[in-house]
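Next up: the structures, one after another.
Consider the two complexes below, in which chain A is the common component and chain B and chain C are the respective partners.
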Partner chain A sequence: MTKFAVMDHESVPKHTLLSPEESEVVLRTYGIESPQLPKIHVTDPAAKEIGAKVGDVIKIIRRSPTAKQSVFYRLVID
Partner chain B sequence: MKLSTEEVIERVSILDIPQALKDALVAGLTGQEMTEAQLQEIMDQVVSDYGHSRVEPCEAVGVVAAQSIGEPGTQMTMRTFHYAGVAEINVTLGLPRLIEIVDARKIPSTPTMTLRLAEGYAHDRDLAREVAWAIESTSLLHLGSLATDLAEMNVIIELNSDAMTQRKITAEEVAERLREETGLSVDQRSNTLVMAPEESSYRELLQLVEKIKKISLKGIEGIKRVVIRKEGDEYILYTEGSSLRKVMQFDGVDPTRTKTNNINEIGEVLGIEAARNAIINEATDTLREQGLTVDVRHIMLVADIMTVDGEVKQIGRHGVSGEKASVLARAAFEVTVNHILDAAVRGDVDDLKGVTENVIVGQPIQLGTGDVKLIAKR
Partner chain C sequence: MTVPKRIGKIKFGLISPQEFRKMSVVKIITADTYDDDGFPIEMGLMDPRLGVIDPGLRCRSCGGRPGECPGHFGHIDLIAPVIHVGFAKIIRKALRGACRECSRLMLLDKEKEMYLQQIRTLERLGQLSDEIVNKVFAEARKHKICPYCGAPQQEIKFERPLSYIEEGHKLTPSDIRDRFEKIPDDDIIIMGMNPATARPEWMILTVLPVPPVTMRPSITLESGQRSEDDLTHKLVDIIRINQRFQENREAGAPQLIIEDLWELLQYHVTTFLDNTVSGVPPARHRSGRPLKTLSQRLKGKEGRFRGSLSGKRVNFSARTVISPDPNLSINEVGVPLEVAMELSVPIVINARNKEAIKVFVRRGPDRHPGVNYVTRADQRRIKITSKNSEEIAEQIDAGWKIDRQLTDGDTVLFNRQPSLHRMSIMAHRVKVMPYKTFRLNPAVCPPYNADFDGDEMNLHVPQTEEARAEAEILMRVQENILSPRFGGPIIGGIHDYVTGSFLLTHGYKPIDREDVMELLKKFPPNEMPEPKGYLEDGEPYWIGKQVFSTVLPKGLNLTFKADFCLNCESCKHEECENDAFVIIRDGQLLKGTIDAEAVGAFKGKITDRVIKEYSPSVASEFLDRMTLLALRGIMYAGFSFGIDDEDIPTDAADQIDETTRTAKENVQRLIEAYKAGELEPLPGRTLDETLEMRIMQTLGKARDNAGQIAGRYLGLDNSGVVMAVSGARGSMLNLTQMAACVGQQSVRGERIRRGYAGRTLPHFRRGDMGAEAHGFVESSYKDGLSPTEFFFHAIGGREGLVDTAIRTSQSGYLQRRLVNALQDLEVKYDGTVQETRGMIVQFKYGEDGVDASRRDYASPDNVKRIIQKILKHGGAKS
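Here is the complex of A and B:
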């Protein structure tokens, strides 16, 4: 009965927490405000695992069937 | 000149194209004889072609996705049930399953899990069977027989010792579980258990029998059956009933490869990104099983819009369609009168930005060329 990391599961892509500076760069690249990003709940198992707080931006590197790899961003909400 | 793989990777990595395209480019360029100018031309051409292959701005991708999934949907069977392969597990497939996925139902009509086993268990049939028995919910009827004695007004349970050793449970444990669940005293004499209802009435006695039949003595409640199947050289467990969080803690189960068809459960246990992947996989599998091929990009769009808010929401009145900003667009979908009435009471304003509302009022829609405004300089 070992505690298992959600991120180890094959269907969970890699989540990384962005620093405020990095998220600023993301928002500037897309020319948007942070509430316009897709959301993730702070209670989400993957968000909890990387210790995300409300207002953080999470970078998700998905495995895409068409592009092989695609980058996605989500804003942490409560 | 001739470029090595490392040099090609270095040149290609800065291009603004998807990883899959970069890999193809690297494979194609490695070891080829070419001049610097030729290499530059190839890369420019690839970047330019990729730009052309992308969806145009203002393209109605949602409508294209809806039609591309909807049209094959008309050819799907209405038949709900299907037996998945040789294993006698019942799973909903075809159109009802597709509807279930886009409706984001809390519990699918036939929940089932696919469990891969951990190293050391996966190739051993006996160990696989032990895991299966540990997971499967065991009731009294698996272990023996029940009889009612109307003269004595009690229930007599005869336990089969072979069945008990197989499922690794003792008569004492069974008696203890029954005591816990019913709160009644259990008289145990080796493999025979005798129970009596609180009041000695005929009705109470029958109710007690029904109650103890349902008690889960061992395993995960709700996992009605576990079937073992050999795929390749690996034993895989299929379950009837789903309980992802509990099953991942069992010894012998590989938690990183457990799957369930309950998308909401995946969202709770593994997070929203896993739920998005589950929607894509379940929808693709359902369509493929019916011999239909739909481009995965359409399904990805559906999965993205369903999970954009951090929780799985349905495509429909209580989800995507019901959250549209425009009153007219919502009224055009379902429960027309309620939406218009509520909007009138609140004094809502419709900005006429979307497609539906502009079609209703007879204006050009803001899509494709309709989104382009001409600004003239005098």
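Here is the complex of A and C:
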């Protein structure tokens, strides 16, 4: 069975894995700790695709009808 | 910030008799409450160990004073078990599912295994197992012989409210309890219960918990007589019967009497828990009032949840009927003197305001800006009377607090229910007035959705500096002119304000000096505008546009099409011969007419521009003056609407008759074509649908034509037309219906078809598809409707009423759910949306961080304005 390329689907927003340094910057800009971020499951197809591990932070860039683009961060949980 | 502690889990279960006993501090054995000296009797219903309510005493269990001690449970040992009403249905199911001999759940091991698996799976997924459990009981009931012990099963009949009958004998609660006790733990799990926290036999009560006295306090009446709480009354009943039961049983009374007493005990325990069980007559107070027992305390609108926890009652508030007062500023509210003398604002006395406050105190509570109470430095409150006011005025000192009566200029919150959006509660400045209603400027009706047909509104007085500051900065009316709903002004001219502006500014009628002065009387400008020109006799004259310009702020530039713009095919812009193209330059209205589009609520282009380019204060000033001027304008022009405004000339009426007649003929022709099979169906429609659509079309056109004919004879000299065209009230359609033809009545967008077999009313032949037979109203409201027309009109009108009733209830429920879901979310200063634990919901509010009431429309118009501004300023410099 050929693997379905999740990230290529137009409805799947762009997911990028942040390095620990980058995620530290995100947390600092918002003045929060990682559990306060929205969550994403490790088994989420998009998270699996980019090889995220529990504790990582994923940056998601979505299309938005009001702001063209909107950036979200999610903490990978299990 | 750290994430605060969270509730890990909440477990619901049944309380076992052991637990009841464990949490009980005293066993209650006597139904008496207080002895002759007024002291609570030990082991009675008011035992001091159950908590304290009398001031000065201490709790015998925890040592707390009243208010500190939360109260402690006691218990009553029931002589015989009784059923808990709340579990009657589950008991029935369990009784039918378990074997009458061995008490095992009557399913094969294989089935049990399967259901257990399913329940486990659902639990793991965090879903409810109700459906599976119901299936378990349904399956188990099918067995007529127990698969384990082979005992034949009997049908168990359930009789409301609480009887279980097997083979014609009533099962006693003891029998049921015995059976439940034998059910093995494994079977209980399949029955959807957890044997550790909820065993089925616990649904039968053997011990009754006695609620602490703190939740059923007795009150001492003025006569010194004690009056007990409803719960206490009920508990007395239970204990009495319990005792009688015991005595009878020990004396070896006949079975019949025992059963009767048992039934009675069951009745009292049932009504103690829930006094509205169907089939059980509610327990009543001596006066005949039904008792308010446990479940009545929790349920419903006035229950603990909706009444006490989600709703609160407050002091420093007032409620009365509202009425209009156009002389008030939109920021003001007229408060009746009686209300102002009752409500108060606390003021702390210091060295600097001491003398001023002395004057207030000296006035006492009866001369208006007076003082109702004084709080001394030691927190003792003294009521001011006309007798002690002089004396106390001399005593006051820094650190004391007075409750000053409400006076002009105080900030108060004003509210009208339903409070659907934030503009339903706004801060106003008080203006104390005679008479008994709250007064407000009609321009602030739209945000409250208020009118004056008997509406009442609430007023609240903030009691702290913080509350006042917050109200003044965030909640002032002028800060809420722009609605966050659509980013436009929600406050503005309505009805006569719009009509008045229209009449004043439409056209170029000359107005002489005296009349201009009269128009500007309420806010005289420093100097008269330059006259527009001079009349033949040399007298100067002005026009309404100039007069209106006096309320516009200097420097305002605006160009837009008025509401009554006819949307001509090619717009002539400045040259518009309808005077519908508004041009404002440097605060001067040069061309065009001011109507709803310019100053109306929900539209208000001028209001919008002023608030965005200047400030809310300038906008509120503009609205105040505009409303005053508009009323002067409508009075200057004179305005009324009467029955003869719906008159149209005879030839117009003839023309209208002609159009309706031809329309009806056309309908008849369509029907004939349909019957002859000559009608071409429209794409995607059946022949019947096509006919209906064509008929609706024809008749709709007939009404429009009738309206146009009538409209030709009704010009701007007609008050109705002025109101419709300026956007003040009503529409041309309303006028058409009054003057020319009401038109087709419809139910669900179709012609009226319901009624008798094959016809709508007995006045018509069966199968008549003509216009009159299906609700076409040819008459106008002025002419009056024929009986059949009237009936059809009532049918159509009723649909509208039903629709609104349903819509309000549905949207109310939707709103409640939405508010409950979103009430704790907060937009933080960094633009993120967080809930109370600090968890981020959105990284930027609405993904773009825009507050709809602070943004300006992203229109090319704005770009033009910016360019003009830069050119003007840049040009001046270079």
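One rule holds for everything that comes next: the second predicted complex is superposed on the first by the 77 of 78 C-alpha atoms of A that agree within 3 Å, B and C clash if a C-alpha of one lies under 4 Å from a C-alpha of the other, contacts with A are read in each partner's own complex, and residues count from 1 in each chain.
What we mean here is this: a residue touches a chain if its C-beta (ideal position, glycine included) is under 8 Å from a C-beta of that chain, and two chains touch if they have at least 3 such contacts.
Nothing here was measured: the structure is a model prediction, and the numbers come from that model.
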| item | value |
| --- | --- |
| In the superposition, chain B vs chain C on chain A residues touched | B |
| Touching partner for A:47 - first (chain B), second (chain C), both, neither | first |
| Which superposed partner A:9 touches (first chain B, second chain C, both, neither) | first |
| Touched partner set for A:38, first chain B, second chain C, both or neither | both |
| Chain B versus chain C as contact partner of A:66, first or second or both or neither | both |
| First, second, both or neither for A:77, with chain B first and chain C second | first |
| Chain B versus chain C as contact partner of A:30, first or second or both or neither | second |
| Partner chain(s) touched by A:17 [first = chain B, second = chain C, both, neither] | neither |
| Contact residues of chain A, present in both the chain B and the chain C interface | 38, 64, 66-67, 70 |
| In the complex, chain A residues that touch chain C | 30-33, 35-38, 64, 66-67, 70-73 |
| Of all residues in chain A, those that touch chain B in their complex | 1, 4, 6, 8-13, 15, 38-41, 44-47, 60, 62, 64-70, 74, 77 |
| Interfacial residue positions of chain C with respect to chain A in the complex | 1-3, 830, 832, 834, 837-841, 843-844, 846-850 |
| Complex interface listing, chain B residues touching chain A | 18-21, 23, 248-249, 251, 255-259, 266, 268-274, 277-278, 280-281, 296-297, 300, 304, 307-311 |
